[in-house]
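In the two complexes that follow, chain A is the common piece, with chain B as its partner first and chain C second.
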Partner chain A sequence: MGAATDLGWWGVLIAVVGGAIRVSTPYLFVSLGETLTEKSGRVNLGLEGTLVMGAMSGYGISYVTGSPWLGVLVAGLTGTLLGLLHAAVCNLPRVNDIAVGIALFLFGTGLAFYLGKPLIEPVAPRLPHLPLGAWSDYPQIRVALEINALFIIGLILAPVLRWGLRNTKWGIMLRTVGDSSDAAKALGYSVNFVRIMGTMAGGFLAGVGGSFLSLYYPGSWNEALSSGQGLMAVTLVIFARWNPVYCFYTSLLFGGATALGPALQSVGITANYYLYGAAPYVLTLGLLISSSSTRHRLVGAPSELTISK
Partner chain B sequence: MLTDSKLTRRQILLGSGNIIAAGSLMALFPALEASAAAKPITVGFIYVGPRNDYGWNQAHAVGAKKIARLEGVKLIEQENVPETVEVEKVMEGMIRQDGAKVVFPTSFGYWPHILKLARNYPDVLFVHIGALWKEGDPKNTIGYRGYMEEPHYLCGVAAGHMTKTGKVGFIGSKPLYFIFNNLNGFILGARSVNPNITCQVVITGDWNNPVREAEVTNSLIDQGVDVMVANVDSAKVVIENSERRGIYSCGYHTDLSELAPKGFLTGAEWNWAAGAAFVKAWQTGGQYPNLLRGGFRQDMVAISPFGKVVPEDVRAKVLKIRQGFMDDTFKLYKGPLRDNEGNVILKDGQVIANDDNKFKLGVNFLVEGAIGKTGLKK
Partner chain C sequence: MTKHFGPLVALDNVSIRFEPGSLHAILGENGAGKSTLVKCMMGYYRPDAGDIFVSGEKHAINNPRHAHQLGLGMVYQHFTLVPSMTVAENLILGEAQLPPIIPWEAERERIEEFQRTMPFKLDLDRPVASLAAGEKQKLEILKQLFLGRRVLILDEPTTVLTPAEADQILGLMRGMAGNQQLTVILITHKLREVLDFAGDVTVLRAGRRVGGGAAKDLASEELVRMMIGAGKIARAATRVETPTNAAYLDLRDLTVENDNGLMAVRGVSLQVRAGEIVGVAGVSGNGQRELVEALAGQRQPASGEMFVRGAVYSPRRGEMRQRKVFLLPEEPLRNACVGVMSVAENLAFRNFDEPRNTRYRWLISRRAIRGQALDLIDRYGIKAQGAEARLETLSGGNVQRTVLARELCEEVSVLVAQNPCSGLDFAAVAEIRSQLMDARNRGAAVLLISEDLDELLELADRIVVMFEGKFVYETPRDQADVQTIGRYMASPT
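Up next, the complex of A and B:
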């Protein structure tokens, strides 16, 4: 039992920073995934279902094989399959991708609850973390800086994706398809194929994000595991202006908002806890309202994104 | 006749999917009906979540399994039934298709739906866990519930002996009287060992919100808490995160000792198998109470097996107080008692009986030593 020092208000700050790092990873992966999908001109609202399926399948595989990293991989592949399903259905003529997304959201969560029944009880091996705070004498700081490898992967992935979208042939192809399918066709790209790829990649990342929930933090499978992170991450993409690096910052912001209430309550500020609990959702609403406009399109929004298809 | 009756009984067991038909068979053999001490009976359990959640639902499923061992009882179960009209459909399905004669809808919010159905099915017994029954409600409904503050007091005693920082933590779900009772029991127990112990209280506002529970756990540990107890639907996340951070924890609802092999102290458990008495009474036409509350004395609550960190002398002290609850020599609420805002709750010498429901239902304060607020407007 480590000798905990009373840090008072510093404790709140450390808890919020630590919480931001702990809680933000699922947001980060889902929003990166959704950015890729939306850049190809599709919206996948089903990522919440993908997230939950990823959490369930990752936990199951980790429990059965004893390898949490295999769990992460399988969670990603499950997400890829769901992405493929979404893309394949949306490629049919006169199919609305929003409606398909909502259907997949419900399908994914329902299927995960059904298949996940036997996984509620067992305890699966968790992902390891890097003790980046080992230099500190304060256990609070050590714990806040126990950083999971997936967070670091996400941290690296964000600028890499940004660079890739701007500078590689694949990135430019993806953006062309997302901005003007006619131009893409004229250039000889297969619009449907590129969108399938974009949606599958998005599904993969969302699945990996789900595995973080069940395999690291909070670190077990149950049916209330995701409290809407998958859906909020979709909003977050809009706020981040379809920029992977901004996705990283906004994910941290959302993680910190989630951690604020518990941190304040633990120092005895217990009034209005429902309000703190609602902080991430209020933030979502606020961001959407502040970033909406009747006059111009959002900077960075792929032109092919539309709800009236 | 003897062989005939045996055959009939087996048929009944085999064909228990349709008790109505079985019932008509029974009518052909009045002698058998009289001679069989325990008529075959179908008992339905309805859960609001999954049965193996390491929490509320599991506690009921454990009780259901014990009830299923009674002679002539056939158990049917359904999980994930929301507290809406859905539960009425499930209950009616159990009654009409499976012939259930006793149903245990095991979630608090099922009660209004039970009241709606109970009058239509006077031959079915509805047992609810809220102890909400009052005069004027149908006679074929029962409310029962254990005094969980008693095992929480024992958890508090264990926590009081084991804490090194003098800070313990309590995570509550909703601002409800029984959560406050449990919390008060826990604090009173801890402070009976050392009156300087404080308890950080966090109400999450949700029955089940794993991410927030994990965050609260980590924040409380950052503030120096080294024994944690959580009154949420499933304390699994809190116990696992406490174990990872190397602090002690106490369980809730059901036996959680295997989740924390190093830091588990003990836990507060329901004993819902007390419902077996109602099934028996309904089976044999015996008497039953419509409202039943009880603690250790009525065998309606229990504590989990001690974790291996708990030394012998602490175990002995805890068990001694449990004995005091059993023979009613030990009282949980007694004066002098103040709440954490300094108001006098009980004067010196004032003692509240352990089964004083009126007092316990009205608990809307946190006792001295609690850091936090109920969040209620008084």
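Up next, the complex of A and C:
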């Protein structure tokens, strides 16, 4: 074991932090995307399907062209199309966004498994990472600080989105539509158009999040690639109070919870491995219960959301 | 201009000319077509026939944005502010050409500059959700003026204001119209506003223009006759002397939180005696809704106690029935009925499980329920297409009559009514008020929460004023003074 035993429990902590950084990226992108969509007043539960479609298409394009970044872009565009589909169906009268979301979740995953069958065997070029831990002698720290460029993009994107929601025309329009469609109509905004844009942007980010799964970590395409990150990211948005910067923190928290099992395993604690694997799901439940109330409305929830009404 | 909604003619060949620099009132009852008319002007609806001319030019106004470009602006009855945004954000929202990135410093300077020319000011950084109703109304008007509208349509602007605030805002509008800054169109059903502030008036009834002219040439009796037509009005409620009885409803230090976890009702205590109507006055949003919801069992009080006829009262269905507590909440279709269920079913909500309405104890007898409904429909004059008609197909007045029939058909100890006449026409209003008075005369304790001061002055034996969740003033009926009550409604200090 060498260095690992020297580090002892510090090793667990470093592994959890490293795992948090590695695992959090898809959570971060999906939750940022869902924040944009929900700010427009709609919930898109189909982002799990978008995530898996993004993973599949990104992997395929990376394999065919040899460029993982092109794969990321195509994954985003695939997500945009799925977002457009969700928004277009929801724009029809008397259509419920939750039901459409569930349908698109099943559609997206099913389609990805069907189209992705030939991609299980081949190996596509993966996204590069920055070795920010090269200064250290400990291999654990070096591994933990191998940081992917997408994570850094997400890190920058979160405050940029928060700034944009407050200071740009698009941000103000999006919030108006999500908070009071009456006000938006009185101002002459097209509510449906703004929601299409919000849902498409959300789909783009979720697609990019999916490409991270297949192109970096775990870094291959198979049907068990996503373990519900797309759905949990929707919960995460509620916990982050629809604030992009909080999305970043909560993504790290969820990432850390997911990394708990493997981290304990690395110091030799293998008992209850699957129990630790359930940590993110238990965390989801716990957070939902603790942040909800029978008496009060959620602070910061866009009031046009079906769940706020 | 003509507008049909299905078979209903909402507007029938109405022509109106608004002179520049005038304050022109459109007077009419609910359902007279006032809102339809202005919504056509603002581009929400497209008229089936007729044209709109702005400054002599004909325009087909297709959407609100188009109306805004022509300088038409509207202040709605239900506010169209974005509650989670600040005053400043709401002010710049309507600008036709928002820059991609908002130069906040320059914008704020412009707003400050503009506010200096206005008779009232608002703190730019407060979120709109924290503003009082009067301040929101001011912000709506400020927004329209900031955006440079030339014609301002005010849709029932004073419903949420205290009398003093209403006078201030309408006076301001008249002043701005007087020095040619603005043309103001005031939609209202309140005669007083027309007589005190309007230059011209047009009266609508059932979608037709039935009269109008310069306001100073028209007497109030004449205007009323135009508004209500030849219809007759139910007898005025007569008040009979009741002895000073024991308290039937007793609230002690009741505290209730609102949806956001803030204190909406702050430790109120109140007693209502049998045979007494206690009126709660106040501008909406001062805790009235939460108070009624606590009494109705829709909301759990944070602390405090409620007593009915001396014993602790916790609002559950069985207990309400046993203690004879009845409710007439505001917006009955939302709070007291199920719109997609039939009139008969709605009438049976309180007693469908009583032996006389069941068979073999567990099955509901539809025949008994229909029989009860037909009887009540007859007794309370509910206009419906039979007992099996879905409740949402009834007019507002008939929905309210249905709830009234359900809540008053048995012996009543305590009756809680909130804005029972809002949105109803003259005839229904008179009838419902006399029903409330009858319930009092029969010995019920009535708690009447209303935004309509005239209603309270007519019905209540005692009036308390609710402000920011507290009762700040109390007066018996014979000493009640509108000016004093209005002052306490605006601010108790």
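Keep this in mind: the second predicted complex is superposed on the first by the 300 of 309 C-alpha atoms of A that agree within 3 Å, B and C clash if a C-alpha of one lies under 4 Å from a C-alpha of the other, contacts with A are read in each partner's own complex, and residues count from 1 in each chain.
In this text, contacts are C-beta pairs under 8 Å (C-beta built on N, C-alpha and C of every residue); 3 or more make two chains touch, one makes a residue touch a chain.
Bear in mind the structure is a predicted one, so any value in this text is a computation, not a measurement.
*Asks:* Evaluate whether chain B and chain C can sit on chain A together after superposition, giving fit or clash.
*Replies:* On the shared chain A, the partners fit.
*Asks:* By the touch definition at the top of the document, which applies to A:Ile289: first (chain B), second (chain C), both, or neither?
*Replies:* Neither chain B nor chain C is touched by A:Ile289.
*Asks:* Applying the document's definition of touch, where does A:Gly18 land relative to chain B and chain C: first, second, both, or neither?
*Replies:* A:Gly18 sits against chain B, while chain C stays out of touch.
*Asks:* Chain B or chain C: which reaches more residues on chain A?
*Replies:* B
*Asks:* Considering only touches as defined above, state whether A:Leu92 meets chain B (first), chain C (second), both or neither.
*Replies:* It touches nothing on chain B or chain C.
*Asks:* Tell me the contact category for A:Asn222 with respect to chain B and chain C: first, second, both or neither.
*Replies:* So A:Asn222 only meets chain B here.
*Asks:* So, A:Gly188: does it touch chain B (first), chain C (second), both, or neither?
*Replies:* second
*Asks:* With both complexes overlaid on chain A, does A:Ser266 touch chain B (first), chain C (second), both or neither?
*Replies:* The answer is first: A:Ser266 touches chain B but not chain C.
*Asks:* Just chain B (first), just chain C (second), both, or neither: which does A:Asp179 touch?
*Replies:* The answer is second: A:Asp179 touches chain C but not chain B.
*Asks:* Aligned on chain A, what is the least Cα gap between chain B and chain C? Give it in whole Å.
*Replies:* The answer is 39 Å, the least C-alpha separation in the overlay.
*Asks:* Using the superposition on A, tell me which residues of chain A are in contact with chain B and, in the other complex, with chain C.
*Replies:* In chain A, no position sits in both the chain B and chain C interfaces.
*Asks:* State the interface residues of chain A toward chain B in the complex, per the touch definition above.
*Replies:* Residues in contact with chain B: 1-2, 4-7, 11-12, 14-15, 18-19, 22-23, 113, 117, 120-121, 123, 139-140, 143-144, 213, 217-220, 222-225, 227, 229, 258-259, 261-263, 265-268, 270-271, 273-274, 277.
*Asks:* With touch defined as at the start, can you tell me which chain B residues reach chain A in the complex?
*Replies:* Touching chain A from chain B are residues 49-50, 52-54, 80, 164-165, 169, 200-206, 208-216, 218-226, 234, 236-237, 240-241, 244-248, 259, 371-373, 375.
*Asks:* Under the touch definition given earlier, write down the residues of chain A that touch chain C in their complex.
*Replies:* 167-170, 172-173, 175-176, 179-180, 182-183, 185-188, 293-297, 299-300, 302-303
*Asks:* Note which residues of chain C are touching chain A in the complex, please.
*Replies:* Per the touch definition, chain C meets chain A at residues 63-66, 68, 74, 76, 78, 80-85, 89, 92-94, 98-102, 104, 257, 259-261, 299-300.
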